[in-house]
Structure formats: C-alpha cells, structure tokens
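Below, chain A partners chain B and then partners chain C, in two separate complexes.
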Partner chain A sequence: MKALFTIINNMDRRYIFLAMVIAVILPLIKPLALPVKITPNTQSSFDVIDSLAPGSKILLSFDYDPASSPELQPMAKAVMTHCFRKDVKMIAVALWPQGPMMAKKAFESLSSDPEFSGKKYGVDFVNLGVQPSYVAVVKGMGDSIAGVFPTDFFGNKTTDFEIMKGVKNYRDLAAIFSLTTGSAGIGTYVTIANAQYKTIVTGGCTAISSLEYYPYLQSKQLIGLVEGLKGASEYERLVKKPALATAGMDVQAVVHMMLIFFILLANVSQMIVGKQK
Partner chain B sequence: MDKMALFNGFLIIFFIVLFVLLIVMGQTLRTSLFLRRKLPLAFCFIMGVTMIFQFFIPPENSLYKEIEDLSTKWIQIISSFALVIGLISLVTMNFNKISRKYEDWQYSIVLLLGFFITIFYGLRDGFEGKEFDFIFNYMYVPMQSTMFSILAFFVASAAFRAFRARSREATLLLTAAVIVMLGRVELGSVIWSYIPVVSRYFDVSELAQWINTVFTTAGQRAILLGASLGYIAASFKILLGIERSYFGSEE
Partner chain C sequence: MPLFMLGLNFKPVFETGGAVSVEGIGIWIAALLTLGIYSFLYKDNFVYKFSEYLFVGISAGYTLVLTFHKYLKPSLIEPLQEYSRDFYHIITSSSFPVVNPWMLDWQTQLIANKFGTQFQFIFWFTFKIFIFYLFPAILGLMMISRVIPSAAWLSRFPLATIVGYGSGIVIVTTLHASVLEQVKASFVSFAPLLHMKGIDWGIIAQSANDFILVFGLCCAIIYFYFSAEHKGVILGPASNFGIWVLMITFGASFGYTVMARISLLIGRFQFLLGDWMQLVK
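Here is the complex of A and B:
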C-alpha cells in the first residue's frame, strides 16, 4: 500500500497532463448534456438588456484579447444575439488593442446567421475601434463619444452613421455592457461612467477575475455580472441559443472533477505515506 | 479662434521649442538643474492636481468640460507617442540581439518578421484586408489561446503537488476550493446530491455562492480599499516631488 501511494506521490506530471487531455477531449466527443442553472448575477445582467425598449442604444465594450476569447467570445455573441432580437442598437468600442478585431469577428459571425440577415452595420451595430489610454477614453466618452472616436475601426466618420444620430455621450445611452478580462473594463466604467455620469453598468468577465467585481455588485454600482464560461452558457440558455459556451461547460465540468480527484488523491497519498513514515 | 485650440497650439509650440533647444544647446541645457529637476516636477504637479481637480467638479460645469477635453486629448497624444517609443525600442533591441548574436537571437528574427509583415498588411489594406484577417484569425488567435490554455495543465499539476492539507489554514482553503469548484459546474451538483445528510441541508452551488459573496468579497473589498489608499499615498508622493524615481537612476 505504502509503495503504491509513494508512486502516486511522486507521479510524473506528464501523467496529469495526459489525464487532462482525456478530460478535455471526451466531453467534446460525447457531450454530457448537463442542465444549466441560471445564477442571480447572470439573470440581473440579462434583465438589464431585456428591460430596454426597442431602438435603445448601448455601449458594448470589448475589453479583451484572443487569450480570453474562449470565455468571452461566446458571451459577446450571446449578448449581441439578445440585443439584435430586442432591436437594441450596439455601439462597440474597445479598451484593449485587440478588442475591435474581436468585435469584428463577433459581428461577422452573427450577421452570417439567417436570423439576423436584416441587421446592418452602421444602423444596428457599429465598431468604433480602440484609442490609447483607457482611463482617458472612458472619461472622454462622458463628454463626447465621437470626440474620442472620430472615426470607426475602418476609418469612416463616426457622426455619419445612423446609429450615432442623437448620441453624444453616456447620457444618451441606455446602458454599458463591458466584456472584461483585465484592469481596463468593468472597473473603469463603474468608477467613471457610473460614479460620475450615473450610467447603468453591467458586464461579463473571465471567471478568474469575477470576484474582483463583487464589491461593486453589492454596492449596486454594477448591475449583474456574467461570470466566465458558466455565465456565458447561462446567457446562451436565457436567449435560447445554445452554442460554444454550452458545449464548453461539459469540458469544464469534467476538468473540475478531475482537479478535485487529483487534489484528493494527493492528500490521501500524503496522509498514508506520511503516517507510515 | 477656439480658446482650447489656441491653448493646445501654444503648448505644442512650447514643447517644440524646448525640444529644439535641447538639441541645439545640448549639454548646457541638459545639465541645467531647472530643466532636469524643477521643470519636470512643476509639470508633474500641475498636471496631477488638474487631473485630481476635475473629479471634484460636476460634469455640468463648463470648467469641467474644458479641463476634461484638454486632459483627454493630451493623455491620448502622449500615450500614442509612448506607443511609438515602445515600438522603436522593441525593434532596435531585437536588431541588436540579432547583430550581436545574443542567446536565442533566432527568436528575434521570428519576432521582427512577424512585426513587419503584420504592419505591412495592416498599413496596405487596413483592418479589412484578407491577409491581415488571416494573420489575426489563423496565427495570432490560436497562438494566444494556446498560451492561455496551457495554464490548465500547469494548474492541474500545481494543484496535485502543492494543494496539501498541511495545516489548519491550508485545510480550510482546500475545503473552500473544493466546494467552489463543485458549485461552479452542474456535474458538481449531481455528485454532491450523492453525499448523504449534507446534501439534504445544503445546495453546493448556493454554498459556493455564499463563500464567494461573504468571505471572498470581504477580502476583495479590503484589498480594494487598501490598494486604493496606497495608490493615493504613492500619487501624493510623486506629485509633491518626494518620490522621484521616474527621473531615472541618477536621482
């Protein structure tokens, strides 16, 4: 017995890597189709968008890069699906340099969907790109969005777009939805757009950074939070369009169980080997 | 003429004159105490106080608009120049590495090739170009995603080696982590339902949520407040010229 647990205790990490590979691949080949339970934070975020009148305009901030796209890109698509169905117009900006490309990918992917074939760039969605220094950008938009983003991501004049008619600054927006992965994003919008301009701020973030925003949730400065892949899968369920996040949750479930198994195994083996020593 | 445009114009001319003077008069001005210490300190103090000041003026006030407009534009201009300096530094550093054949100099060739090819297609076709799209979608995105996904394997290995119940505190941490991991996925709830007695009284996802909203949020709030106070103190030290490390090593 001691010999077996000594072997486990000193197990080569490549066996752990192999187990992880299997844990990732198996659910993709044979989905578990687990039920999705909606958490209150995701529901609140969904309700913010759901309560908007058709024709309302929101600021959709793409504050992430491809590294976080497995979690945040499905979330972005689910939120955009919701907005398109509710006829809520989206003004996309980015505080991360790679954000506009993520916005472009999300819009291209959704506009190829027959359900949204009538949705037009410049009318239902616009991609204003990115500007340096995120604090100055978020502050500047409080005065003039077109002032900070004079052209869109492709070089067209911002004020020429139909979606921008009647939109000067935060006061003309119904809400801000930030998809965040790092320091630039939800925190910046809460401390500037909400604190100074009283604009409703909601958003989604990677699971690892979600706890950072809990104090803002409790103070009601942030209304709702879509947390990681689980939150994205919940949002997909709320908009009744299961996609990548729902599929990814099966993988995440098995990987979590695998991690717990390894942690328990390591502790049991240490207890046994330690006792016998 | 617009008041703000005039002010911006004066400021730009001032910086150009200063820059030309530094080049023309060279060493004399570079060793000047006023230019080396007092002027940057004065700039730092005035700009810092202005930035703080605007947070205490209601956005409806016309003065707010003027300060806000000025600071936003100048921060963006300076940030853009910082970006250019960063790019120049990246290129020269990697060129040096290649020419002097430092360790792993081959990687610098890959970096510079990637850099110049992306810039070339970006400038030629803009963000809508096929080649630029190809580089982003089929090279940049998979590479970044791969780097990030490798973390899962290291986390698993690290959890196996380091997550041990060696003390009371470590056991608490371990228990909380296992509950949160179980509560974050539906499979966890299914497994939890097989645990006798406990599962009848507690739902694991609610338990995980409770740990997050009560204990973790309390810790997060403390970190947030502590970090913010530290940030304010450090900012005041810089504004008042007590902290001068940004002047460089000679200070």
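Here is the complex of A and C:
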C-alpha cells in the first residue's frame, strides 16, 4: 500500500493532463446526455424575456471578447433564439471592443437557421457597435441611445432603422440583458440603468464572475443570472434547442468528478506517505 | 498513411473547385497554434514560445488598430478634419456657408440670439473645437509624457481629470446601488414566520435563509472589525463564524473558477474536434 501511494505521490503531473484530455474528448465524441437541472437564477432570467409582449424591445449588451466565447456565445445564441421566437426586438450594443464582432457572429449564425429566415437586420435586430469609456456610455444611453451610438457597427445612421423608431433611452426599453465578463457589464447596468432609471436588468456572465453579482440578485436589483456554461446549457434546454453548451456539460460533469477523485487521492496519499515519513 | 484512413476528416484547405479556402486556412492556423500553446503542458519548447509571442504581438497590434479605427479616428481625427474644412470655408467666405447639419442648427440659434456676426461665429466655432476635441487630445498626449522622466509630471493633469470625472459619475450611483440598496436588502422580516398558521416549509426555509444571511453578514463584518481583540463571549465566536462564512464564499468562488477554466478547455476542444477534425458537430 505504501509503495502504491509513494508512486502516486511521485507521479508525473503530465499523466493528470493526459487524463484530463481523455476526459474532455470522450464525452464530446460520445455524449452521455446527463440531465441538467434548471436553477432558479436561470429560470428568472428566462422569465424576464418570456414575459415580454411581442414587439417589445430590449438592449442586448455584448460585454465580452473571444476569450470568453466558449461560455457566453452559446448563451447569446440561446437568448437570441428566445427573443426571435417571442418576437422581441434586440438592440445590440457592446462595452468591450470585440463585442460587436461577437454580436455579428451570433446574428449571422442564427439568421442562417431556416427557423429565423424571416428575421431582418434593422427590424428585429440591430448591432450598434461599441463606444469608448463604458461608464459614460451606460450613463449616456439614459439620455439618448442614438446620441451615444449615432451609427451602427457598419456605419449606417442609427435613427434610420425601423427597430429604433420610438426608442430614445432606457425608458423605451422593456429590459436590459447583459452578457458579461470582467468589470464592464452587469455591474455597470445595475449601478446606473437600474439604480437611476429603474430599468429591469438581467443577464449572463462567465462562471468566474457570477459570485460578484449575487448581492444584486438578493436585493432584486438584478433579476436572474445565467451563470457560465451551466447556465447557458440550462437556457438552451429552456428554449428547447440543445447546442454547444449542452454538449459541454457532459464534459464538465466528467472532468469535475475526475478532479474531485484526484484531489481526494492526492490528499489521502499525502496523509499516508507523509505520516509514515 | 493518409489521414482519412485513420478515420480523420480534417477541414480541407482547398475548396471543391481547387480554390484556396480562407476559412480552411484560418482553422488550420488556429488549430496548430492551439496545439502549440498546449504543448507547454508536456514541457517548455520552441513551438510554445513562438505561439505565445505571436499571440502577444497580434493582440497588441489588433488592440492598437482597433483603438485607432474605432475610437481615435471617429472621435477625434475625422471630426477635426471635417471642422477644419468648415473653418476654412468660414474664414474665406463672406457669407455663412452651411457645410454640416449641426452647424446649420447652431448657426440659426446664434443668429436668433443676435450673435450673428462672422467674428463671433468664428470665435464660438473655434472655442467649440478646442473644448470638445483639441483640449481632450492635448490631455491624451500629456498622458504619454510619462515616458520622459523630466516631463512625467504632466501626466498628473489627465489622470486628475479621469479620476475626477470617473468619481463624479460613479460615486453617487455606486453609493446608491452597492451600499444603500444592499443595506436595505439585509433588513429582512421574520413576520411571516411569527404569523405562520400550521407548518409551511416554504416560509420556514425562507426565514432560515434570511437568518443565515443576516447572521453571516454580521459575523463577517465583525471579523473585519479591528478596533477590539477578537475574544470574549461575542466577538470571539462571531469572528470565528465570520471566517467560516468567508471560507465558504472563497470555496464557492474557487468552484466557479474551476468550472470557468474547464469551460475554456471545452471550447478549445470543441473547436479542435469540430471545426478542425470535423469529428463532432
């Protein structure tokens, strides 16, 4: 026994990396279809969009870059699928420089889906791009969205779009949905758009930032939160369109079990070998 | 041995007609660089270093170009070019030419307010350009003075402006959203529990949750109270419980961090196995 644990204690860590790679690859190639339970936070976020009347307009803020896309891009597509089905119009903005590209990719991906072939840019969705100084941008949209974003991402005049008719500022929007990584995003919308203009704020974030927003959930300043890949897979399940996030959750489950096993094994091994030393 | 004989069907770099596929080349480059970065897990090597330096260089270059085209050009260079052209027209013309729409509105207002002489118009026009464009541009350039030690003090002015402007916008809203609202949310009512008829597990669970929230909050705050030693009947146990609350929070935070990092790994493998090797959809 001691010999075995000594071997484990001295094991090359590259075997763990190899085990990790196998644990990621196998469930991707052969999905396990493990169940995903819907958490109250994701359900609340879903309910905000689901309760909107057809024709309502929301601000969809793409506050992330490609580094966070494995978690947030499936989330963006699931939310946009929901909005398209409910005929909720989306005004996309970004507080991160690469955000508009993520919005463009998500819209292109969904518009190539036959289910949404009738959805038009400028009518059902518009990508207003990014402006510098995110605090000033969020504050400025409280006065005039077109004032902060005079043109869309492609250089067309914002006020010419049909979707922008009757939309001046936050008061003309049903809700704000921010897809956030880092400091610019949900926190900024809660502290400015919700606190000052009483606009409903909901959103999704990378798993690493989600704890940061729990106080806002408790105080109801933030209504619902889609958290990381798990939240994205839950949203995919709620809109009945399983995609990348759902596929990724099998891997999450296997890898987490493996990590727990390795942590326990390492601790037991350390205790036994360490004691005998 | 050809790759298809191994059951592998990599993304082709040539389209059916024989033309080069830009998407295919992009996917191959991204896949090889991804493998290059992951090769560090085996050991530090030249391929990893090359991929790393390439990533850093391209990121810096991309940010620079993006900042110029998305921020600097539309917010400073283009308006200055446009207004310089307008200014030239104004000083070389005997009448008021209207070159862009905001000038028309502004000029009409000036005339209506009896500021309609050409001298006054030129004065206000120059003043506006200075305040909105040249002054911020000068402040921006002053920031770069940090690279020259003898002139580094100049950078304090733009920094002071940023701090002042940022504080002005953020202090009130943050105080309201992150302090007052949070304090308000910590005032929970146990009235439903006291007036409960029969056993309602929903109310009991909610009240227990509220109790943990308030008790945990108080204990965590006590842990950060450093004006008295953490011992005795109240401060000692409360401070210890506060540590437990903090540890549980850090544990949850670490759990989320692990999940986030695994998600990034999954994203890369979905790319490698899907877009590149076309093994999964």
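Quick note on the criterion: the second predicted complex is superposed on the first by the 277 of 277 C-alpha atoms of A that agree within 3 Å, B and C clash if a C-alpha of one lies under 4 Å from a C-alpha of the other, contacts with A are read in each partner's own complex, and residues count from 1 in each chain.
We adopt the following convention: a contact is a pair of C-beta atoms (placed from the backbone, for glycine too) under 8 Å apart; a residue touches a chain by one contact, two chains touch by 3 or more.
Everything quoted here is computed from the prediction, not taken from an experiment.
Participant: Following the overlay on chain A, give me a clash-or-fit verdict for chain B and chain C.
Facilitator: Once both complexes are aligned on chain A, chain B and chain C clash.
Participant: Based on the superposed arrangement, let me know which partner A:F154 touches: chain B (first), chain C (second), both, or neither?
Facilitator: first
Participant: According to the stated criteria, A:G118 is in contact with first (chain B), second (chain C), both, or neither; which is it?
Facilitator: neither
Participant: After superposition on the shared chain, which partner residues are touched by A:S69: those of chain B (first), chain C (second), both, or neither?
Facilitator: both
Participant: Between chain B (first) and chain C (second), which, if any, makes contact with A:G55: first, second, both or neither?
Facilitator: Once the two structures are laid over each other on A, A:G55 reaches no partner at all.
Participant: Using the superposition on chain A described above, determine whether A:N267 touches chain B (first), chain C (second), both, or neither.
Facilitator: first
Participant: Looking at the overlay, what does A:H256 touch: chain B (first), chain C (second), both, or neither?
Facilitator: both
Participant: Which partner chains sit in contact with A:V130 here, chain B, chain C, both or neither? Use first/second/both/neither.
Facilitator: The second partner, chain C, only.
Participant: Report for A:G248: first if it touches chain B alone, second if chain C alone, otherwise both or neither.
Facilitator: Once the two structures are laid over each other on A, A:G248 reaches chain C alone.
Participant: With both structures placed on chain A, which of the two partners, chain B or chain C, ends up touching more residues of chain A?
Facilitator: The partner making contact with more of chain A's residues is B.
Participant: Output check: A:Q218 vs chain B and chain C. Expected answer is one of first, second, both, neither. What do you get?
Facilitator: Both partners, chain B and chain C.
Participant: Mind checking 127-135, 181-189, 235-243 or 271-279? I need the stretch of chain C that runs into chain B in the superposition.
Facilitator: Only 127-135 shows clashing C-alpha atoms.
Participant: Let me check the overlay on chain A: which residues of chain A are in contact with chain B and also with chain C?
Facilitator: Common interface on chain A, chain B vs chain C: 17, 20, 24, 67, 69-70, 98, 132, 135-136, 139, 196, 207, 211, 215, 218, 230, 252, 255-256, 259.
Participant: For a test of understanding, state which residues of chain B touch chain A in their complex under the given definition.
Facilitator: Residue list for chain B touching chain A: 55, 59, 65, 68-69, 71-72, 75-76, 78-80, 82-83, 126-128, 136-137, 140-141, 144-145, 147-149, 152-153, 155-157, 159-161, 163-165, 174, 177-178, 181-182, 184-191, 205, 209, 212-213, 216-217, 220-221, 224.
Participant: Can you tell me which positions in chain A touch chain B when the two form their complex?
Facilitator: Those in contact with chain B are residues 11, 13, 16-17, 19-20, 24, 32, 34-37, 39, 65-70, 98, 100-101, 104-105, 131-133, 135-137, 139-140, 142-143, 147-148, 153-155, 196-197, 207, 211-212, 214-215, 218, 230, 249, 252-260, 262-267, 270.
Participant: So in the complex, the part of chain A that touches chain C is made up of which residues?
Facilitator: 14, 17, 20, 24-25, 28-29, 67, 69-71, 97-98, 129-130, 132, 135-136, 139, 190-192, 194-196, 206-208, 210-211, 215-216, 218-221, 227-230, 244, 247-248, 251-252, 255-256, 259
Participant: Can you list the residues on chain C that touch chain A in the complex?
Facilitator: 41-42, 63, 66-67, 70-71, 75, 166, 169-170, 173-174, 176-178, 181-182, 184-185, 213, 249, 252-253, 256-270, 273, 279-280
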